[in-house]
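I have a structure here, written as C-alpha cells, and I will follow up with some questions on it.
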C-alpha cells in the first residue's frame, strides 16, 4: 500500500498537531535564554497557532469526503482506517475548539507556576493528535491506540504538578483507564474472533450474517468495547475516578479532561456505535440507552448536594454525558455533535471562571465563595450564570436548550419513550443542580465580595466562550450544521 | 487442536487478572495483574488469528500493538506510582484518599 | 359632603323610579334589546328590557318603599352614611334591573347584585358578631339557591333556545327539561325568598339597620322570588310538578314560619318570620296555577310591601330610640306606658301595620289574604288537592298570624295586668333584670324625617286594600276573621295571665339551624382542614419526599464516592458483569 | 503435539498467574509474572506465532518486568511476606472474577466449543511486518506518538518539582 | 403590523438588557421610570395591534351567515393568524420563528402588557425592601417578553421556548425580592416553582415531539388544518403529555402544590404577574395546542381533565377555607379559578371555551387586583398572616378594605363583575359539552362546580369577615398604616374599572370568540 495524497490530506490535522507537539518540546528543551514569560507566550502562541491552523484546515474541508489508508477488500467496498467526512469534520472542529480554549486558559500567569510549560503543551497536543485520529478512525486497532494516545498524556498532565493530590488523581484515572483498555481489548479480540476483521465497516456488514451461536459472543464483545469507552467518558457505573481526578488535577487540566478528553471519548463511542459495533436495531443500543439513563440520573443526583464548584462541575459533566449518550444510543450523530459543541464551549467558559476564582482566592473551592458575584464582579458573574444556564438548557441558554431539544427529538423519533421520560426528569434535576450555584451568584455579597483584576487572557477566553455561546444561542442552526 | 483451549485459558487469565486488580492493594501488583489481562487478550488474538487462517496476520499484528501499548502504559504507570510514593510514602492504591470531598458547613 | 351627595342621589333615584312607574303606567307591553353576542352557534346572550303591568307594579312598590327608606335613613343613620346610602341606591337599582329585565342573564345580574348589596348592608354594623355571621349566612344561602337558578336558566334557555324571558314558552320543550328547569329556578326563588328549607338566613339577617330590613327583607329582595315566578308564570303553568312542589314548600313554610314567629322574643325577629310566612302565602297563591291565584299573590305582595315596610320602620324607630327591640328591654319602658305615650306616632302606625298583618278586616292585609284564600277556594272547589292544601294552610296561618301579632302588640305596648308584671316571661336567664327601671324620661319620638315615611306607609297599609276594587266574598271574609279572632284570643289570655309559654321546639325554630350547622358547616370545615392537610401531608409530602429522595440519593452517591480507587474498580467490574447479565436477558 | 505443548505451557501460565495474584511477597509475584508471561509466550509459539512470542519475551520479560522490579526497589518493597498485600475485599473480588469467568467461559464454550484450529506457520516476522507496513500504517504511526508521549510523560513525572525552568 | 408584534417582543427584552448595562450608580427610580415608559409603550403598542386586528380588512373577512340550517358546533381549529412572521430558524430541527396573533391571543397579550405596566408603575413608589429595583424591573420586562412571545408563538418549539423564558426571571424575582422574613422559605418556594414547571414543560416537550413524529411539523397553522387524528395510541400519549405539562403551569390539582408557596412568598409585583399572567400560559396552551392539534385525543382525555379541574375547584376552595395567610388564600383561590378554566376547556364546547377565555382575562385582572391589595396590606403590617394583622380593617384602612371587599366579590363570580361571565359560560359549556363527550359526566361535574362556586363565596366572605370586619376596639389602628396612597390608586384604578366594565359589558370580548 502506498500512501496517497488523500491520505496526507486526511491526516493533515493530526500530523500537524504531532509536528507542533514535537516543535514545542524542542523549543522548550533547547531555548534557555528567554524569560519565562516570553517562553511561555511563544509556546502558547505556537500551540494555539497549530490548533488554529488545524481548525482553518478543517473548515476548508467542510464538505469533503476522503477515505484514507484504504485497502481493497475481498468483497464489498474498500476498508479504510480513517475517513474524513462531515461527521469527522464536525468532531474535529469541536475537539480543536476545545483544545484551543484549554490553551487559552493555560496562558502565562494562568497556568499554575509549578507546571513545566513545554511538556504540558506537548502532552496537550499529543492528546489532541489522539483525539483527532480517534474521531476519524474506522478500524478497531486505530481506535484503541488513538484512545490510548488521548488517555496517557492526559494522566501525565493530571500529575504534572507532581504533588500529592495530582499523583493520587492521576493514579486513580490511570488504573481505571488501564482496566478499561484491557476490557475493551478483550472485547475487540472477541470481535475479531467473531468477524475476522478489525474494520468497523466490515464488522458491520458481517455482523448480521454470523452464526447464532456466535451472536452472543459478538454481543458481549460489543458490550465490552462500549464499556471500555464507558470508562473513558465516565458513564455510570464506571465514573468513580472522575470527581476525584477532576478535583485533584490543576483546573486547566480539569478543563482539558472535561472538554477534550471527554469529547474524544464521545467521538470514539459515536464512531463505534454508528459505524460498526451497534448498527441500527442492535440490542447494544438498548444497553447504551440504559447507560445513558443511569448516567444522567446518577450524575445529576450526585451533583445535587456538592458544595465545591469543581466537584459540582465534575458530577454535572457526568450528567451531561448521560444526555450525550441518549442521542448516541439512537445513532443521531448530528444531535451528538451539536450537544458536544455547546457543551464544550460553555464548559470551557465555566472552568475559566472557576480558574479565576481559585487563582485569586486561596481555598476558594466552594460555591459560597461565589456569593454575590453578579454584583461584585458583574461581567464574570453574568457570564458564569449564562454558562450554567446553557448547561441546564434553559433560556437564556438557548444553545443548551436546543441541543437538549435535539437529543429529545432523536430519542423520541427512535421510539425510546422511557428514555425521554428519564431525560425530562433529569432536566429538572439538572436545573436544581445549577440553580444552587446561580443562587449563590445572585445572593447579596458576603463580607469580602469577590472582586479582582482578571488577567486579560482569561478575560479573552471567557468572553470568547460567552460570545460563542450567545451566537450559538441565537443561531442554533450552526451547531447542527457542524456535523452536516 | 480445539479452539476452546486457548480461549478458555484466555478467559482464565483475564479473570485472574480481574481478581488481582480488585484484590491487590499495592499499585505495582495491580499493574502486574493488568499485564495478565492484556496477555489474555493477546492469547485470544493469536488463537483467533490461527483459527481464521488470517493471511493478513491481523491478530498477530494487533497483538504486537497490544504489547507495545502495554509497555507504554506500564512506563507511564510506574512513573505515576513513583510519584505517588514520593508524595505519600507508600504505593497502596486504596490508601490514597486525599481527594475525598471535604465536608463543610457552609451550606445552609 | 359625600354623604349628602349620596343621599340626594339615593332619594332622587327612588323618585325617578316612581316617576318611571308613573310614566310606564298603561303603556302597552313592549321589549327592547341592547347589546348581545353569540357564544358558539346556539347561545345568544343579550341584554333586553321590557315593560308591562308587572313591571309597573313592582317599580311603584320599589320606588315608594325605597324613597321612604332613603328618607327614613337620613334620620336613622349617622355613621358610614356614604357607603350605606350608596349601597341602598345600588340595591334599588338592582331590584329595578330585575324588574325591567327581559333577559335572564340581566335578571340574574340584578338578582345576585341584590344579594351582594344585602350582604353588605346586613353587615353594616360589622363590629357586631351577629351582624357578621348573619350577613355571611344570608349571602351564602341565597347564593346556594342562585346556583340552582343559574342551572335553571341553562336548562330553560337551551330548552327554549332563547334567553329572553318574553320568548320563553314560544317553542316546544321536552317535559323533562321543563320540569327540571322550573324546579331549578324554584331553588333560586326559595333561596332568595327564604322558604323552607333555605329559610334560616332571613331571621338572622335582622342585625342589619332596620330601614335595610324594611327595604330588603320585607318589600323588595325577598319579594323578587315572588316576582320571578309571576314573571315566568307561563312557563311554570306548564310544569305541574313544579307548581305542586311550590305549593308544598309554601304551605310548609307559612306554617313553619308562623310557628317560629310565635316564639320569637325580639320585634324584628317576629317580623322576619312573619315575612317568611307571608311570602309563603304569596307563593301559595302562585302555586294554584290560576290567574286568580297569581293576581291574589301580587296583590298580597303589594299590600305586604306596605305594611311590612311600615312595621320594620316602626321597629327601627323603637331600636333607634330605645336602643333595642327585644321584648325584654321594651317591656321595661312599657311598664309605665312610656312607649305609647312618648312615641304616639310609632304606636299608632305600628298598630295599623300589625292590624294589616293580622288581617283585621278593613286593613290591606285582610283583603289581599282573603283574595288568596278565595282563589284557593275556587281552585279547591274545582277538585284540586293543591287547592285544598293551600286553603287549609292559609287559613291556619291566618290564625297563627293573628296570634303573634296580638302577642307582639300587647307585650310591647301594654303592661300586663298579671302580678309582678309577669316577671319571668322573658327574663328567663336574669330575673333581677326586670327590677331595674330604665330612665324613660329621655325617651321621645323619632324625628319627622323618620315619622313621615311611617305615615305614608301606614296610609298604604290601610288604603291599598281598596286599590284592587272592593269585591269581598263575605263567607270567606267571615271565616278568616273568625280564624283571626281564634288566633288572637289565646294571645290575649296568655298576656292577661302574664305568661308567655314558648315551647322549646319553637324557640329553637325546630332546630333547623343547628342541624345545618352540624350537617353542612362542620363537615365543610372538616373537609377544609382535610384538604389543607392533604395538600401539606400527601401531595406536598410527595413533593418533599421527591426532594428529600434526591438529597438522600445525592448523599448516598457521595458516600459511595469513598476516595478508594479499588471501590471504583470493583463497582465498574460489577457493572460490567451486571450489564453482561442484563444484555443476556435482553438478548434472549 | 501442538495441543500437548500448548496445554503444558497453558497450565504453567495459569499456575503462575494464580501465584502472581496470590503471592504474599511482592518480589515473588513479579518473578511469577515472568514465568507466566514466558509460558504465554510458549503458548504463542505453540500456535505458530513465533514473532509475537519473540516480542513477548523481549518486551515483557526483557523490559516490562525489569521496569517493575526497578519500581519495586524504588518503592522500597520488602521481600518478606506481607499479610496486607490483598485487601479485605478479596473474597468478594474472587466471587466477581468467578462469576465473570463463568459467564465468559460458558459463552465461549457455547460459541466455539466445536471449532478446531490448525496452526499454520505464518507467524514470521515478515508476515507481521508486511501487515504492519501495508495495512496498519495509521495505527502504527499513532503508536509512535503514543510511545513518545508516554516516554515524555514518564520523564516529566519523574523529575523533581521546580528543578526545571528556574 | 408584524413588525409591531416583533417590537412588542423585542423592546422589553432590549430595555432589560440596557437596564442591566447601565452603570450601577444609576438610581432605581430611573429604572422604574424607564420600565414604566417602556411597558407603557408596549401597552399602547398592543392596543394599536388590537385595534388593527379587529378593524375590518379588505378583502373583507366577514363571516357569512350560513343559510343552510345551523352550522355545526366547532372549536378553534384553523388559525387565521394576523401580523405574521414566518422565518425558518433551525432548519435541521424543523423549527421556525413563526409568530402571529389572532383574537384568542390578542386580549391576553393586552392583559400582559397592562399588568406589567401597572407593576412597573407600582414600582415607582413601592418596592420590596431587599434587592435592587433596577434588576426587578428588568426581570419584569423579560417576563413580559416571554409571556407575549408564548401568546404569539405559532410554532410549538417557539411556544416551548418562550414558555421557558419566564422561568428563571420568575425564580429570581421570588428568590431575591420575596418575603424578607423567610429566606429559606422563599428559596424553597422559588425552587419548587421552577423545578415543577421545568419538569412540566419537559414533559410537554415530549408531547410536542410526538406530535412532530406523527405530523412532521411543529407549525401550528399547518397542524390546525391537518390535525393529528385518532384518539388513542401515540396521539393519546402526546395529548396526555402536553396536558400534564400545561396542567403543571396552570396549575390543576394535584399538580398545584408549587403555587401557594410561590405566590405567598413572591413580592407583590411577582405575585401579580404570576397569578395574572403566568398561569394563563397553561390554559392558553391547552386552547391553542391541545384542542386544534389533537382534537380526538383531547376528546378522550377531556372527561379526566374535567374531573381533575372540578377537584381543583373544590379542593382549592376548601383549602382556602382553612388558610390563615392572605396571600396563600388568594393563591389557593387561583387554583379554584384555574380549575374552572380547565373545566371550560375540557367541555370542548364553544361556550366552555369562550368562558375559559373570558375567565382567563377576568382572573388576570381580578386576581392581579387582589394580589396588589394583599401586597398593600402586607406592606402595611409587615406580615400577611391574618391572625397577626388582626381584624376590623374597615375601621383602620377603610378604602383599602373596601377595595378588598370589591375584589373579593368580583372574584367569587358576582354577576355584574368580570368574574361572572367566565364561570357562567363554563358551567353552560359543561351543561352542553362537545358532541363526543359523555354528557352525564359533565352534568355531574357542572353541579359539583356550581357547589364549588358557593364554596368560593364562602371563603371570600370568611376572609372579609376575619380581616375587614370585627370590633375596632380590639384591633386598634397602627400608627403608620396609611390608607390607599396615590400611586396605589393610580395602579389599581384600571383594574377596578376593567372589572366593572367586563362585568357589565361582556359582548365586545365575546364577539371575538365565535369559533366558526
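Read from first to last, the chains carry the letters A, B, C, D and E; within each, the first residue is number 1.
Rule of thumb we're sticking to: a contact is a pair of C-beta atoms (placed from the backbone, for glycine too) under 8 Å apart; a residue touches a chain by one contact, two chains touch by 3 or more.
Values in this document were obtained by computation on a predicted structure and should not be read as measured data.
Participant: Which chains make contact with chain D and with chain E at once?
Facilitator: Shared contacts of chain D and chain E: A, C.
Participant: In terms of touching chains, how many steps apart are chain C and chain E, taking the shortest path?
Facilitator: 1
Participant: I'd like the most central chain, judged by C-alpha centroids against the all-protein C-alpha centroid.
Facilitator: Chain E is the most central one.
Participant: Report back the single chain whose CA centre is most distant from the CA centre of chain E.
Facilitator: With centres defined by C-alpha atoms, farthest from chain E sits D.
Participant: Of all chains present, which has the mean Cα position farthest from that of chain C?
Facilitator: Ranked by distance of C-alpha centres from chain C, the top chain is D.
Participant: Counting contact pairs per chain pair, which pair wins?
Facilitator: If you count contacting C-beta pairs, the leading pair is B-D.
Participant: Taking each chain's centre as the mean position of its Cα atoms, how many Å separate chain B from chain E?
Facilitator: The answer is 62 Å.
Participant: Please tell me the distance, in whole Å, between the geometric centres of chain B and chain D computed from their C-alpha atoms.
Facilitator: One centre to the other, that is 8 Å.
Participant: If you average the CA atoms of chain A and of chain E, how many Å lie between those two points?
Facilitator: From the centre of chain A to the centre of chain E is 43 Å.
Participant: Just give me the whole-number Å value for how far the CA centre of chain A lies from that of chain C.
Facilitator: 77
Participant: Going through chain C residue by residue, note those that touch at least 2 other chains and give them in order.
Facilitator: 558, 561, 563, 565-567, 569-570, 573-574, 576, 580, 584 - these are the residues of chain C that touch more than one other chain.
Participant: Touching two or more other chains, which residues of chain E qualify?
Facilitator: 196
Participant: By residue number and range, which residues of chain D touch two or more other chains?
Facilitator: Residue numbers touching two or more other chains: 87, 89, 92-93, 96, 100, 103-104, 108, 112, 135-136, 139, 143, 146, 150, 153-154, 157.
Participant: What chain-chain pairs meet the touch criterion?
Facilitator: Contact pairs between chains: A-B, A-C, A-D, A-E, B-C, B-D, C-D, C-E.
Participant: How about chain C: which of its residues touch chain A in the complex?
Facilitator: 550-551, 553-555, 557-558, 560-561, 563, 565, 567-569, 571-576, 579-580, 582-584, 586-587
Participant: Going by the contact rule at the top, pick out the chain D residues touching chain A in the complex.
Facilitator: Residues in contact with chain A: 103-104, 107-108, 110-112, 134-139, 142-143, 145-146, 148-150, 152-154, 156-157, 159-162, 164-166.
Participant: Tell me, which parts of chain B touch chain A in their complex?
Facilitator: These residues of chain B touch chain A: 7, 10, 14, 17, 21, 27, 30-31, 34, 37-38, 40-41, 44-45, 47-48, 51-52, 54, 58-59, 61-62, 65-66, 69, 72-73, 76-77, 79-81, 83-84, 86-88, 93, 96-102, 104, 106-107.
Participant: Given the complex with chain B, which residues does chain A contribute to the contact?
Facilitator: Residue list for chain A touching chain B: 141, 144-145, 148, 152, 155-156, 159, 162-172, 174-175, 178-179, 181-183, 185-186, 188-190, 192-193, 196-198, 243-245, 247-248, 305-308, 311, 365-368.
Participant: In the complex of these two chains, what residues of chain A are touching chain E?
Facilitator: Contacts found on chain A: 334, 375, 378, 382, 389, 394-396, 398, 401-402, 405-406, 408-409, 412-413, 417, 420-421, 423-425, 427-428, 431-432, 435, 438-439, 442, 444, 476-477, 480-481.
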